[in-house]
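Take a look at the structures below.
Look for subunit A in each of the two complexes below; its partner is subunit B in the first and subunit C in the second.
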Partner chain A sequence: MMNKNLVRQFEKIAGAGNVMGEEADRHAYAYDSAVLDSVVPALVVRPDTIEQLGRIVALCNENGTPLTVRGSGTNLSGGTIPTGTDAVVVVTNGLARILEINPQDLYAVVEPGVITAQFAAAAAEQGLFYPPDPGSQAVSTLGGNVAENAGGLRGLKYGVTKDYVMGMEFFDVNGEIVKSGSRTVKCATGFNLSDLMVGSEGLLGVFARIILKLIPPPKASRAMTAVFASVEQASEAVAAIIADRIVPCTLEFLDNFTIRTVEDFRHAGLPVDAEALLLIEVDGHPAEVSEDAEKIQEICRKNGAVQVRAAKNEAEKELIWQARRDALPALARLKPTTVLEDATVPRSRIPDMVKKIKEIGRIYNLDIGTFGHAGDGNLHPTILTDRRDHKEFARVEKAIDDIFDAALAMGGTLSGEHGIGLAKRKYMEKETSKGTILYSRKLKQTFDPKNILNPGKMIGD
Partner chain B sequence: MADIGKLVRLLKELEEDLASCTRCGMCQAVCPLYGQTGRETDVARGKLVLVENLSREILDDPQAVKKRLDRCLLCGSCAAACPGGVPVLEVFLKARAVITGYLGLSPVKRAIFRGFLSNPDRLDNLLKWMGRLQGPFTRSANKILGTSCARFMSPVIGDRHFMPIAAAAWHTKASRGFSGPRQDGRIRVVFYPGCLADKILPRLADAAMEVFAFHDVDVFVADKAPCCGIPALSSGDVKTFSTLVKKNLNIWQPLDFDYLVTPCATCTSTIVKLWPAMEDYLWDKSRKTKEQVRKIAAKTMDISAFFVDILGVEALPDAGPETVTYHDPCHLKKSLGVEKQPRSLLGAAGTCRLIEMKNADQCCGMGGSFNLEHYELSEKIGAKKRDAILATGADTIATGCPACMLQITDLLSHAKSRVTVQHPIEIYARSLREKQKEKPK
Partner chain C sequence: MMNKNLVRQFEKIAGAGNVMGEEADRHAYAYDSAVLDSVVPALVVRPDTIEQLGRIVALCNENGTPLTVRGSGTNLSGGTIPTGTDAVVVVTNGLARILEINPQDLYAVVEPGVITAQFAAAAAEQGLFYPPDPGSQAVSTLGGNVAENAGGLRGLKYGVTKDYVMGMEFFDVNGEIVKSGSRTVKCATGFNLSDLMVGSEGLLGVFARIILKLIPPPKASRAMTAVFASVEQASEAVAAIIADRIVPCTLEFLDNFTIRTVEDFRHAGLPVDAEALLLIEVDGHPAEVSEDAEKIQEICRKNGAVQVRAAKNEAEKELIWQARRDALPALARLKPTTVLEDATVPRSRIPDMVKKIKEIGRIYNLDIGTFGHAGDGNLHPTILTDRRDHKEFARVEKAIDDIFDAALAMGGTLSGEHGIGLAKRKYMEKETSKGTILYSRKLKQTFDPKNILNPGKMIGD
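This part shows the complex of A and B:
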């Protein structure tokens, strides 16, 4: 609970109806989607306007009150869990206006609380395409996507959130507006601060408005599936597709455990004996699409695919992607707790990584389903457990340590798209260096001398 | 029960279901209330956390949890979209029951539920008198829709445009036994009108009877129509709920019938889904009672689903000159997966062309007592539905739930709309009537 005087000041800025101080309300902002302990904040503020947002940041700084910005609270690394019980959670879903979609200049300006899928739909209505499609896109906010540098299924061909941020305005800790980037494709004005803000996990500033790049949508697409008797063959097929200079927009992988679980869930006729299933989609000009689709099917067969099928119509295509969308829900139903990781390796190391994850599952006696983005090496080993079983959960934590060690040993990275937050901060130095941590901390100290912006996350204190 | 230890113990029984929420937050995408307020305590994830924290004694304010738990339409959109399959509605209803058991019912609810709802005769009498007396206090609001509004400022009615109460409950005139002993091949149906059709929209129950007669279904209508219990259950009053389940079972149990058919989405989903889900909260926990409840649940069907799935009524190739749009009641589509059948029934009428509205399955904002307690929010949620309906330009909006019909009627009446609100069975019944007329005798 926060002292009444300060609460009143927040109420003055945002209106009493937008300030939540009652215990039951604060309990509902103590968690996100990460499997971590809850921390109940001192106060929750949900501003209606960007101007209020700036004043809230300034007030926090004046009082040395820690501040965690939260969009929809779907973070998978604990980035939106308040740091301490003295913290203020600032909810941005009231700042959800799409300020401009410009079809001539192919950009949009948005407030941070706009929902990703709603934005993509609004862009599509104007005949434009916003490709980043994180798994939580139906609820995630664009501000959160930028703060975490969210990815998605289309990463291989279209890149991730950072590739679509042209510029932004953000508040520094004093509530001053900082501008970086532009509505133009080229911009060499000043430090490239907006790139620094992408993936900064709420540690360096608070987003006010974001300028996002839009592109023309592909004119055609084709989806197909390929079934393999071994992960190695599937991986070789992936490598061969890329080596043939074809970049599918989506290239997804399901391991045997995931295939069996999805089939139990949906009964769509998936090959339960297969060791690997690839779900592939190509898009672009109709002629290129049909040529690439043919080639991919041929490559898959050459690399030992037992069965290759292309969707003949929209309904069949929908069925293919339904299987991928079912992966997480189906796995999540097996056990109460689902630990979804996003360790990423160079794509050629996928077979080694899948083998390693299997081995780790065996060593610690855990159920792990692995699926993910085969095209960019971003795997989602998903550990199924019950957090209430403390003994098993201790083994889960060890398994996670081993998974990260393995990914790093293969030249990979801790996080493809979920961010570091609280969950992975202890591994940061392993991937980077002591100097990196110190340098990052100095950077934060310069921008945020009182250490109020999401303190403790990513680089520790 | 004023023992917090017992409260915690009873909530702990929900532990498995509570633990299955992975906090993914996907419920935010579909919750109509959260769509309006953006508050985490309004969406399933937040509410589940509050119940869990109460059960783990991390939070010790049952009143505060109840207040937030009660802000819910019980539309089930979250449960239908939940990746982890958390039985959200069941958890909410059980938690409401446990917390209400601890805190006690409010005096007003106690008077209504225990005094009237659990005594169907007394309720019929009350409504009969209200039906007679409503005239001087109300005036017509929209002639096409047949709505009224309060003549004077009224704290209960507020700004609502409502359908007047029927002069007499429908079942008092319509009750009838089966035609005789069971005949080969003739389907025997117990028709349960549900309170809203029985007391406010009797034209709908009449339409249902016409269609039963046309298809030669042998129909039983009881001379008593106890409520299915949902208003009491959603207020956490399991005692009244249990009494009502028992009263209904006592009527139906001795009968030999194939299906229990209702024109009300909410009654159907309550009997099919919630009666069995709440079997541990009934008056007796014997296996026999549970089996009876399950058997009734298995025989219960929505009226459109009955005619389409059981009697094979099919959409006609040609549609008539009129246009109709269809709203999916949450308790039909999300609870029971009934979405095609009402559309087929509309097609079977052959009198109107279906124009789909945008987001046909988005909640209308009624939510039963939610509308009574949070009218402003209910109206805001409903505004989207109203706009979607009007955007189709259809002559009629059809929906398979009398509660949705009342809400939509209120919304359209305020908008001074000329769109009529009907149940699919009414449209189908009218087409049969017209075809009969055309036939040379």
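This part shows the complex of A and C:
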């Protein structure tokens, strides 16, 4: 609970109806999508305007009150879990205006609380395309996407959120507006602070308005599947596709465990004996799409695919992507707790990584289903467990350690798209260096001397 | 001159042959390509290895010696002019190794002194494409490109340097290695420090190794020209091309003054009466290229082009781009001093901006030729003058002020691709905000407490 005087000041800024101090309300904002302990905040504030947001930040700083900004709480690394029982959670869903979509100059300006999929749909209505498509896009917010540098299925060809942030205005910890970047494609004015904000996990500032790049949509697309008797063959097919200078917009992988689980769940006729299933989509000009789809099917066959199928129509294409979307919910059904990791390796190391994950599963006697973005090396080993089983969960934690060690040894990264947050902060130095942590902590200390902006996340205290 | 003891320490690190203290040597590194006063440094050091580079940074910091890192000195905003007669210039041309080109995982790792065009050629040899093509690419270095976030002709479709930096290792001011980013397309680990380094103009750290993204090259391309009787019509044609969801890889503009000057220089048959000439290239799949080229020609005609021509072969295409490349040298021939600006506006504001620039030329009685990247709104108004004519140069400075004011009033930016450096620092606050300057200065102070890394540039002291 927060002292009443301070609560009243928040109410004065945001209106009493937007300040939630009841226990039930506070409990609703105590956790996110990561498998971590929840922390009940002292207060939840939901500003209606950007101006209110700035004043809330300033008030928190004046009072040394820790502040976690949260969109829809789909974070998988604990980035939006409150940092203490004295903390304020600021919810951005009242800041959900699309301020501008400019089809002439191919950009949009949004508030941080806009839902990703709704924004993509609004852009599509104007004949434009916003490619980043994180798994949670139906509910996630653009502010959250930017704070975590969210990825998605289209990373290989279209890049990730940071590739679409042209600029932004954000509040520093004093509630002062800082501007960086521009509505123009080119901008070499000042430090690249807007890209520094991308992936900063709420530690350095609070987003006010974000300028996002839009592009013309592809004119055609085609989806296909290829079934392999070994992960190595599937991976060789992926390498051969890239070597042929084809960049699919989506190139997804499901391992045998995941295939069987999805099939049990949906009964869509997936090949339950296959060791690997690739789901591939190409897009672009119709002629290119048709040529590339042909070539990919041929490459898959040459690399030992036992079955290759192209979707003949939208319904068949939808079926293919349904299988991919089913992966997580189907796996999650098996056990009470689902730990979804996102260790990432250079694409050529995928077979080694999948092998290693299987081995780790065996060593610790754990069920691990692996699926993910074969095109960009971003795998999602998904450990099925029960958090209440402390013995097993201790093995899970060891398995995660081993998975990260393996990814780093292969020149990969701890996190492709889920962020560091609380979940992976202890591994940060392993991937980077002591110098990096010190540099990062200096950065944090400079811009947040009272350590109130999502404190303790990513780089510790 | 520097005290001998310190000189000996630099010699110990880099070898006596790589430390240049003679006046003639120092004079050679006193200026860059900006129209600004030269400053003769105290010493020039040319490390052979990255390890030496780190030790040089640490030594400078220990002694409070200002340090400007310089590639080929093609900087147009004074970013590589030494900051005082006590300064050390570190030349990176001994650090010019391409450490890795990885065609499987589509990235390369380079040292900062690699020449841009040589790198692009090395990538092309492996069947890969590095799109950023700043005007100085034949001599500019990748380190310089990253420090300035260099653009080029392909910005509209392919983006600028920052879109190709996947990660880097850099030295902090103490000579400690900081790592950020990854060899993987996706990386959400830690602060996005590598993108913070992009465009940081040497103020925050010294680049050691840079990881760059490579992409498959387009399979075909076609170039064409369109001649217009008014800038408005040319600009409407550009808008109509984008509205038709075509993104040319290059979309360049020359105004009448530039056309006439280039024609005088080369006698290539340019339309000297035209108010605007568009040079356009599309690339991609052959079918797409052919369709888009047809459509663009039609759009240009519909928007009043008096002449539209497509290159029939490589030689004709080469001729088109020769005209664009001639723009700057042809203009530069007219008067002793060429001030090349790069104010940038949203593409839809180009006619207003070109009009405004003409008006400013009239008001101050100056010859201004304008050419540039119509596709991304990045114009290069080029003022022809004689710096020794103090009266005229005072008018030039006023004209530049007015050009920037106009660009900002149209929602544009001070610099599309040339950076801020010394030349534009006084305008920084106008584009951004007081808060931005303070935030940026804090950043500088945190990472460079003795203010030795290219001090005084961009944000002042």
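Quick notes
By definition in this document, the second predicted complex is superposed on the first by the 461 of 461 C-alpha atoms of A that agree within 3 Å, B and C clash if a C-alpha of one lies under 4 Å from a C-alpha of the other, contacts with A are read in each partner's own complex, and residues count from 1 in each chain.
Going forward, contacts are C-beta pairs under 8 Å (C-beta built on N, C-alpha and C of every residue); 3 or more make two chains touch, one makes a residue touch a chain.
This one's a predicted model, so the numbers in the text were calculated from it and none came from an experiment.
Residue contacts after overlaying the shared chain place A:74 against subunit B, while subunit C stays out of touching range. Contacts of A:125 after superposition: neither subunit B nor subunit C is touched. Note on subunit A: of its two partners subunit C and subunit B, the one contacting more of its residues is C.
By the document's definition of touching, neither partner reaches A:461: not subunit B, not subunit C. Shared-chain residue A:104: touches subunit C; no touch with subunit B. Of the two partner chains, subunit C is the only one that A:182 touches; subunit B does not reach it.
In the superposed model, A:94 makes contact with subunit B only, not with subunit C. Of the two partner chains placed around the shared chain by superposition, subunit B is the only one that A:22 touches, whereas subunit C remains out of contact. On subunit A, the surface touched by subunit B in one complex and the surface touched by subunit C in the other have no residue in common. Across the interface of their complex, subunit A is touched by residues 16, 19-20, 22-26, 28-29, 38-41, 46, 49-50, 53, 58-59, 61, 64-65, 67-68, 83-85 of subunit B.
Against subunit A, the residues of subunit C that register as touching in their complex are 102-106, 127, 148-151, 155-156, 159-160, 162-163, 172, 176-180, 182-193, 195-196, 198-200, 203-204, 215-217, 239, 242-243, 245-247, 284-288, 291, 342, 344-348, 373, 375-378, 411-420, 424, 428, 431-436, 438-440, 442-443, 445-447, 458-459. The residues of subunit A lying in touch with subunit B in their complex are 20, 22-25, 27-33, 38, 46, 72-74, 91, 93-94, 115, 117, 136, 138-139, 328-329, 332-333, 336-338, 386-388.
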